[in-house]
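The same subunit A turns up in both complexes below, where it pairs with subunit B and then with subunit C.
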Partner chain A sequence: MVQELSLVSTINKKEFNFVINSLIALTGQKPRSLTNENIIYSPIINLKYLQSKQAINNSVNLNQIEQHLVKIRRSWQMYSPGKKNPNVVVNEILSNDNQLFMKKVGAGDVKLGERDTTNDGENQYSFQISDIPAAGKRKVSSQTIYEVNIKQSATALRSYMMNLGYVEKQRFLIKGLKFLYNGVVNIEIFQVFAIDATDGKTVVQIIDGSENWFLKAYVNVAKITDISLINKASSDLALLQKNVGNLIKLKIPDRGLMDSRINDNL
Partner chain B sequence: MSQPPAGPRGITPQAQQLPPQYDYSSVPINELEATRIKLLSLTRSLHKLQHEIAQGATLPRWESLHSQYNVVITQLSAISAEIFQNYDTLASRNVYPLNNFPVTQQEGLLTTLLRKKPSPEVTAWIENAEEFITKLGVDVTKHNDDDEDKEDFIESCLEIMEKEKENHNFFSVFTQQEIDNGLNQQPHPYKINNKVDEDVPTMGMDVNQALNFIYTGKL
Partner chain C sequence: MTTAVLFVQNTSVSSIASFNDKISNEIPKILDPWSFELKIYRTNAIVGKLLAGMNQQNTTQAKELISRVMYTLNLSYTPKQTISIVNNEVTIFNTDRSKGDELLDHGCSTGFYDPIDSIIQNKLNALWQPLQGLKGEGGNSYEVTLDEEDVFIIRTANCFLHGGFKGFLVEMTYEKGGEDGEEKIKSLIKKLNFPNGKLSFDKLGDGKENKFFGDLAFQYTQALQI
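Right after this comes the complex of A and B.
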């Protein structure tokens, strides 16, 4: 369980270069690549829905049970088939050429691969359930995330999740860059690509046609009860917010839109 | 019978309790005090800097480091100027312990105080500096205003700066002269695509909509 304190911002495509250069100067670092593949799983049985339709015995109160969407995430690097080593993707990302990227991945000219695949083809996945961010007037968003690592091969993942009672709902890619500010604040700048692999062929489509970039600055704190660390993290984020204020408008995300709890409408 | 000299408040001390009378007139008190005060302020700022670095998990902000570094440098140059100014006075004095100094108990302190030879790590610093200066090829012992020497020195400084510049990433920062000479047209080290599509609409998806997709899969 980890408490994630964050601030977010939208970066116009035109400002991308400027923002990246400023962040390189501010953090004194070269950007590192941020690339991961995500699958959102939803439960097969929606208890809230069943309850609302009185489809199950009403003597059982299901209101106490909270179901959540599950997110499975693994990192990837692009590589061309036949070549052993994954390409360094930072320059590819900085080229900001999404049309080419989508075409390449969709056509299989480059594949998405795991950095640390074992001999059995097993991948390291992170299994995440996130709570709705805390309510109330606050300076930064604060969200509880539960996370474990699992090892599965890509083909076994589906049946693994099926056994848990979950089916795939949406698959997407995150492509971007990350920085570390002051040694504590993670800054991620990314774009989101939806993957549709239904008819046997992969279609990769950026979710935002205007190709804006999204920025998330966050600090993870191990325990929500550790008030001094939480306060330190909040002030670190506030400092970043102040320092980049003229360039990037960091704001608190809308907690309602980050709610991955299951409700009764299907 | 002659009276012993009256002490403060009229108390007459015993003659044997009187401290021996020393002649301090030839001690360069002003010069030593001036150096001492400057050394004190230097140790204080060094302690403060050390404390600040050791305290937090991360380094202090660079602005703070830089300003403290400037303070230390100013204090160092003040001390060196002070010592240089009083060089003749200080160099011609010999230091020795007084009769009543507890030599056996304070042997360590005494050897430190009387030591004229630099300690081994200081010797190493001096050797390093001398080696560095030799590499520069500048004779810094000459205190004349030879323009040629100055030019040589400035030239070597520039060379070092250029070398240091290669170790870091500087870009998109140009002087007016460099812009006039077209030097700002250098390719970007990260090959950032500088083409901007003009037909891209300014408004697009907000980060909240993107987060909604990331957390719920809804578009």
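Right after this comes the complex of A and C.
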């Protein structure tokens, strides 16, 4: 369980190169590629929905019980033979060629769309559930994340999740770059691509038509009760906020949008 | 590798000592002490109540769901993993940080892990309720060689349910692979004159991943008859 302290921003498509170059200067680092796949699992049975449909004389009190979305994350790699040069990394990330969405699964690289049917190699996954970010007036967003690691094939994981009571709801890819600021603050700049795998064909589509980039700056604090560590992380983020202030407007993300609890809507 | 789990009920806390003496006669190599914890979760009773409120508790699907049981097994000799079984599907959850480097590198991990039991109890408790927790404590483990070439790992432990003594458990592993593993373990049981109990060689079925630990965890659930 970690406390993730974060600030976010959006970067206009036109400013991307300028922002990247500025971050290279600020961090003294070459960017590294950030590529992961995220599968959102939702409970098969929505208890709050069931409760809302109950007859009044059979009310079951669910006040203390919350259901949450589960996020399963794994890495993917772009198909690129030589990628040590940072310019290559940036150009690849900027490319809109969906053929670059190649994935390392098991022994070799396969095209994304072929993955689930033809290759059932084992993958490393992270299994995450997060709380709603803490309420109140704060300088940074503060959210608790639970995580455990799984090594399994896609098929076996899906059937385990089904038996656990969860089904796949959404799937998306993250493609971007990342930096480390001051040795502690992670800076991720990325675009999100929805994966639609209906009709046996996989379509990867950017979710934001304006092709803007998201930026997330965060620090994970392992000891969530350690106030001094949390304060330190907060001030590290504040320092970044100050240093990039003219270029990137770092803000607290909308708490409601970060809420993974299940409500009574089906 | 073949495994089996034997659970001996109707015995006393001290009877494990005479059993350990028997093993000692075979001049075993003494291995590390060990323990285990098997947790059993069932579908939260609220699910049944809510389905009943809509007169939907009697469909096949609802019945299956309401009676569903999940197990998690923690073995002290593999401290950073938890084996979980629901409906004969097995998954192994790891909390070994060194295994997650690839995930961390690709920005899909916080780098810190929680035991799955803590996640179930804190975040999946709307669906899953802890039912029982069985502990195996004060365990001894041995490596015994029979007929000069058959190597077995034998682990024994007293089992407690909510603090009350339930019996003792023997976990057996025949190191060599092959078809005759079950026969080898049976001959071990005969030769060392193991006490009678519920013996499980059960398997989760072919084609399952995590086969070794999956089968072993399944044998715990079968031998302990829960």
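Quick notes on this structure:
Heads up, the rule we're going with is that the second predicted complex is superposed on the first by the 222 of 266 C-alpha atoms of A that agree within 3 Å, B and C clash if a C-alpha of one lies under 4 Å from a C-alpha of the other, contacts with A are read in each partner's own complex, and residues count from 1 in each chain.
Going forward, a residue touches a chain if its C-beta (ideal position, glycine included) is under 8 Å from a C-beta of that chain, and two chains touch if they have at least 3 such contacts.
Only a predicted model underlies this, so the values are computations on that prediction, with no experimental measurement involved.
Clash-free side-by-side placement of subunit B and subunit C is the outcome of superposition onto subunit A. Of the two partner chains placed around the shared chain by superposition, subunit C is the only one that A:Asn36 touches, whereas subunit B remains out of contact. Contacts of A:Asn21 after superposition on the shared chain: subunit B is touched, whereas subunit C is not. Of the two partner chains placed by superposition, only subunit C is touched by A:Ile65; subunit B is not. By the touch criterion defined above, A:Lys13 lies against subunit B but remains apart from subunit C after alignment on the C-alpha atoms of chain A. In the superposition on chain A, contact is made by A:Leu257 with subunit B only, not with subunit C.
Judged by the touch definition given at the top, the superposed model places A:Ser153 against subunit C, while subunit B stays out of reach. Using the contact criterion defined above for the overlaid structures, shared-chain residue A:Asp196 touches neither subunit B nor subunit C, since it reaches no partner. Of the two partner chains placed by the overlay, only subunit B lies in contact with A:Phe214; subunit C stays clear of it. By the document's definition of touching, of the two partners only subunit C reaches A:Gln124; subunit B does not. Our summary of the superposed model lists a minimum C-alpha distance of 12 Å between subunit B and subunit C. Overlap of the subunit B and subunit C interfaces on subunit A comprises residues 38, 174. Subunit C meets subunit A in the complex at residues 44, 46-47, 49-54, 65, 68, 70, 84, 86-87, 89-96, 99-100, 102-103, 105-116, 118-119, 122-128, 208-210.
Per the touch definition, subunit B reaches subunit A in the complex via residues 57-59, 169, 171-172, 190-194, 196-197, 200-217, 219.
Taken in their complex, subunit A has these residues touching subunit B: 8-10, 12-14, 17, 20-21, 24, 30-31, 38, 40, 42, 69, 71, 90-91, 94-97, 130, 169-170, 172, 174, 182-184, 192, 194, 207-212, 214-216, 253-254, 257-260.
Those residues of subunit A that touch subunit C in the complex are listed here as 1-2, 4, 34-38, 43, 45, 47, 50-51, 53-55, 58, 60, 62, 65-68, 73-77, 122, 124-129, 145-153, 156-157, 159-160, 162-165, 174, 178, 186, 188, 220, 222.
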